[in-house]
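Each in structure tokens, the structures are laid out below.
After this come two complexes, each holding chain A, first together with chain B and then together with chain C.
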Partner chain A sequence: MAKTVLITDDTAFMRMTLKNVIEKNGYNVVGEAGDGEEAVALYRELKPDMVTMDITMPKMDGITAIKEIMKIDPGAKIIVCSAMGQKPMVIEALSAGAKDFLVKPFDAERVVESLRKISS
Partner chain B sequence: MDISSFREVFAAEARDYLQSLNEDLLSFERNPSDKDTVDDMFRAAHSLKGMAGTMGFDVLAEFTHEMESVLDLLRNRELEPTTEVINALFGAVDTLEILLEQTISDAPITPVKEQIAVLEALTKNPTPTAVVEPVQQEDESADSLVVQLDEFNRETIKQGISQGHSAFFVKVTLRPNTILKSVRVYTVFQAIEQVATVIQSNPSVLELEEEKFDDSFILTILTKESKDSISQIVNSISEIASVDVSELPSDDNQQPVQDEVSASKEQATAATQTAPSPLRANALTPVVKQHRPEALVRVETERLDKLINLVGELVTSRTQVIEMAKGDDKIGALDQLDRVTTELQYAAMSLRMVAIKQVFDRFPRMVRDLAQASGKDINLKIFGEMTELDRSIVNQIGDPLVHLIRNSIDHGLEPSADRVAKGKPKTGTITLGARHEGSHILIEISDDGQGINLERIRAKAIERGLIGPQHGELSVSEAGELLFSPGFSTAQEVTDLSGRGVGLDAVRSVVHSLSGTIEIESEPGQFMRTIIKLPLTLAIIKALLVVADGETLAIPIQAVRENIQVERDQIKTVQQHDVIMLRDEVLPLYDLAECLGFKPLKVDGPLPVIVVEIRGQKVGFVVEDLIGQQEIVIKSIKGTLSDIRGIAGATVLGNGNIALIIDNSTLIG
Partner chain C sequence: MMNDAKLDFLKELANIGTGHATTALSQMLSGRLFQLVVPDAQMLPFDQAADYVGGLEQVIVGIFVVVSGDVRGHMAFLLPVDSALVLVRLLTEDDSGEINELARSALQELGNIMITSYLNALAKMTTLLMAPSVPGVAVDMAGAVWQSILAGAEVTDEVTVIRTEFFADGEAIEGHILFLPDDDDFKQIARMLGLEEV
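Our next item is the complex of A and B:
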């Protein structure tokens, strides 16, 4: 059965691009969240195999969301997605429990590699 | 990573470079044809520039660059080493010292335009002394990754292996064009540290963090996992081109592991493929270049203090345990504890010890400058500079020594013409030395100048009302005592260096605050010698424990001369004060409890009296009881209780009680 993914990003455009790449490569996008709060709620509801997490978002930022999700499920597999120049935040996200990171603009191969590696 | 910790390392190393620049300049001035010295100076300036640049200290880097340019001309013989040039370089070192301290302390930076102009003037109009030699470019190949383990890491690895761990080199190559390389490295560390301990990283973690590496790095790890499982773990990380785990070469012959691992930048095609081990194949190739072992380890004073504190607590609980076990036959086993803790105590104390060299090192330069300014010929001899003493004492003894040396130059040594007229060698000699004597260190400063003028001191002392006009001829020690009195100065004219009449008094109070003594020896017309005697350490002292008004008090043993029994009828009254006679000496007698504001002792029969020396004068203190000698750890008292007369601090005794430590210098008077 195809692995399930929850996409989190505050821009619809980025969610669309990511969803496109992810589904083309045989994964099943089960949900899309527009902010951290939504991501935490959807994680609880959908129990996806993996999560992509943007950092800068309204209501609840990605790092806080990662911490919340790790509380719910210490085994959660989260890939943090950052823009250029967010190095300290990426480190913070990784130490909060994110398993890998991607840097925008996304390279399709990198996205797939990341999903493959953290799901194995 | 905390950048402030690098600042400390930077500052310490930069100071070392400045010190060696000073020393090299002194020796270069004596021997301008020595090319090695100039090369050394150039390298020192170059390294300093690089360090300052790395830290982002631009003013410092820029100024060092100017100095480097001058040194470059000197070493290529495009500039003649005239006194003007040498003075300019000395001046540049001074400027650098100021800039460094301002930079380190985040103080405003003094503009250095003028100083730069001085250096630039030299580089713009150089007077060549020889044909221009081509500048050699040092080109270090950045293509090889070298793993060298130091003594400490090798020991760690040895211990790890003996506890069933395996030691591996893990060479990780990132894919070219990896974004946020340092963060990727972080994920590798994160993954590896789940199952292993990283002993060393080449390049260093700092360089990795600053992305100062190509695509590869090597971690030396200790782990209980297998080679395959380590490589699997690393391979499960994104953007890894290759990972290569190999065993450390065996180290049977106790030789330092110096292995060059050439990390060819081959790009693996498949991300998950483990390449056959090029690392292993080259792992045993020894590096030709022998690295000088690090002779010194820099340790933060704060950590040392913590260690000393812990050891202090250990010593205390040792005493507690011994007291508990008294009368029991377990005492034999406790002897071991006693021995070990004592050794540990000395080992820990030794960490605090530093050579007095770091203080002495500044004097050759100072004497050179003062000699030049005063027009006197002076030769400075130094001995015993490797003598060690407590770090905190070293930090405070510098200024007093500066005063004493300036005094020797200003008032001691005669002008060259006078010396020749007296039949003395034209060049005056100042000797600065240190040596151990028991649990003390003696520092002496002597000069072969005119010695102390007893008559002039007597006249001055009478004029100042320090002694009566009927006072007869002074002895040398009386004269010394007067010289160190507040407000006494015999300098005929006030120079900018000394003679303000506060110097020697200040010297004595610093020495006293370090629980030391200061003495003068002199032969008028021949020499003057000042001897400073200091304890080796201030953290743990021997003390005599006594009881006064029910309280246990500790008197530092160095001041205690003896303890005696005094019968009531031996106490006499002179000018309404109690005194006793001790071997033809009249000693003022005080009640220790009363001095501290406790209830005075009221008992019949003989009184125990402790004879203590205070500022050269013996004084008797009546106490209730004597407990005995003990080593105590001094803890300072902070806050509102910090400045109580007669109390120097407190200590925790073996039985857990607290005893106040007597400060005999402020107890009476």
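Our next item is the complex of A and C:
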């Protein structure tokens, strides 16, 4: 059975782009969240195998969402996909529990590579 | 008050930041875009900057953020609507010529990536944190877009305006990057880069 992924990004364009890439590579996108709050709620409901997480979002940012999801599931597999690649942010995300940090813009292959790495 | 040292410094910042932003933009468009000209950086009085970008009545797209962290201020990426439509077409394959919801979303992401890449470059050089907010998008006459961008901005004497031109898919695209760090923070950037007298 295909591994399931929850996509989180505040722009519909990015969610669409990620969904296309991820599904083309054999994964099943089971949910899309537009902000951190939605991501946490959908994680609880859908229990996806993996999550992609943006950082800068309205209502609840990605770092807070990562922390909340890790509380629900300490084994959660979260990849950050954000334009905000400054060192303090990367460190904060990884400390909060993210398994990888991809700085936008990234190639499709990079996302897939990261998903493969964390799902094994 | 502007002086030569300040202008040289800001041109250097502009080159570095815009270089990174353009690389990011080009990558986003799978290499189908490249920069035509060396970015032209100016510092303009507040009330002249809007006009410089293309006249108050030209319809433009503006993607804008508030910057927080060690450096606070405002940043925006502005382009004429024709240029925006070329980029929308390249990103979404929609050539309807309309700024519909998906087009706005694509432009928001494009602006986000450009502005954040610019800030990332400066942040790396200065080791100062510069975090952009969720971007706003405005499609309107330049005068109105200007109001949206500057809502809540510190009234400063001068705005940094960087003009750049790209070439993508057989068409020329013009864009302006606006950078308005709060005055004290601009001095902080200069100090971190070893420039005392700016």
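Here is the rule we go by: the second predicted complex is superposed on the first by the 118 of 120 C-alpha atoms of A that agree within 3 Å, B and C clash if a C-alpha of one lies under 4 Å from a C-alpha of the other, contacts with A are read in each partner's own complex, and residues count from 1 in each chain.
Criterion: a contact is a pair of C-beta atoms (placed from the backbone, for glycine too) under 8 Å apart; a residue touches a chain by one contact, two chains touch by 3 or more.
The shown structure was predicted, so the numbers you read here are calculated from the model rather than taken from an experiment.
Undergrad: With everything superposed onto chain A, say whether chain B and chain C fit together or clash.
TA: fit
Undergrad: Is A:E45 in contact with chain B, with chain C, with both, or with neither (first, second, both, neither)?
TA: So A:E45 meets neither chain B nor chain C here.
Undergrad: Regarding the shared-chain residue A:T56, is it in contact with chain B (first), chain C (second), both, or neither?
TA: A:T56 sits against chain C, while chain B stays out of touch.
Undergrad: Applying the document's definition of touching, compare chain B and chain C: which contacts more of chain A?
TA: Ranking chain B and chain C by residues of chain A touched puts C first.
Undergrad: Tell me which partner A:R110 touches in the superposition: chain B (first), chain C (second), both or neither.
TA: first
Undergrad: Between chain B (first) and chain C (second), which does A:V90 come into contact with in this model arrangement: first, second, both, or neither?
TA: The first partner, chain B, only.
Undergrad: Just checking: does A:M14 make contact with chain B only, chain C only, both, or neither of them? Give me first, second, both or neither.
TA: It touches chain C, and chain B stays clear.
Undergrad: Considering only touches as defined above, state whether A:S120 meets chain B (first), chain C (second), both or neither.
TA: After superposing on A, A:S120 lies in contact with chain B but is clear of chain C.
Undergrad: Please indicate which partner A:F101 is in contact with in the superposed arrangement: first for chain B, second for chain C, both, or neither.
TA: In the superposition, A:F101 touches chain B alone.
Undergrad: Pick out the closest CA atoms of chain B and chain C after fitting on chain A and give their distance in Å.
TA: 5
Undergrad: Counting contacts the way the document defines them, which residues of chain A are shared by the two interfaces, the one with chain B and the one with chain C?
TA: Comparing the two interfaces on chain A, one with chain B and one with chain C, the shared residues are 87, 103.
Undergrad: Contact residues on chain A for chain C in the complex?
TA: 10-14, 16, 56-58, 83-89, 103-105, 107
Undergrad: Within the complex, which stretch of chain A touches chain B?
TA: For this pair, the touching residues of chain A are 87, 90-91, 94-95, 100-101, 103, 110, 113-114, 117-118, 120.
Undergrad: Inside the complex, what are the residues of chain C that reach chain A?
TA: Counting only chain C, the residues touching chain A are 24, 27-28, 91-92, 101-102, 105-106, 108-109, 112-113, 116-117, 119-120, 123-124, 129-134.
Undergrad: If you look only at chain B, which of its residues touch chain A in the complex?
TA: Where chain B meets chain A, its residues are 179-180, 182-183, 186-187, 190, 236-239, 271.
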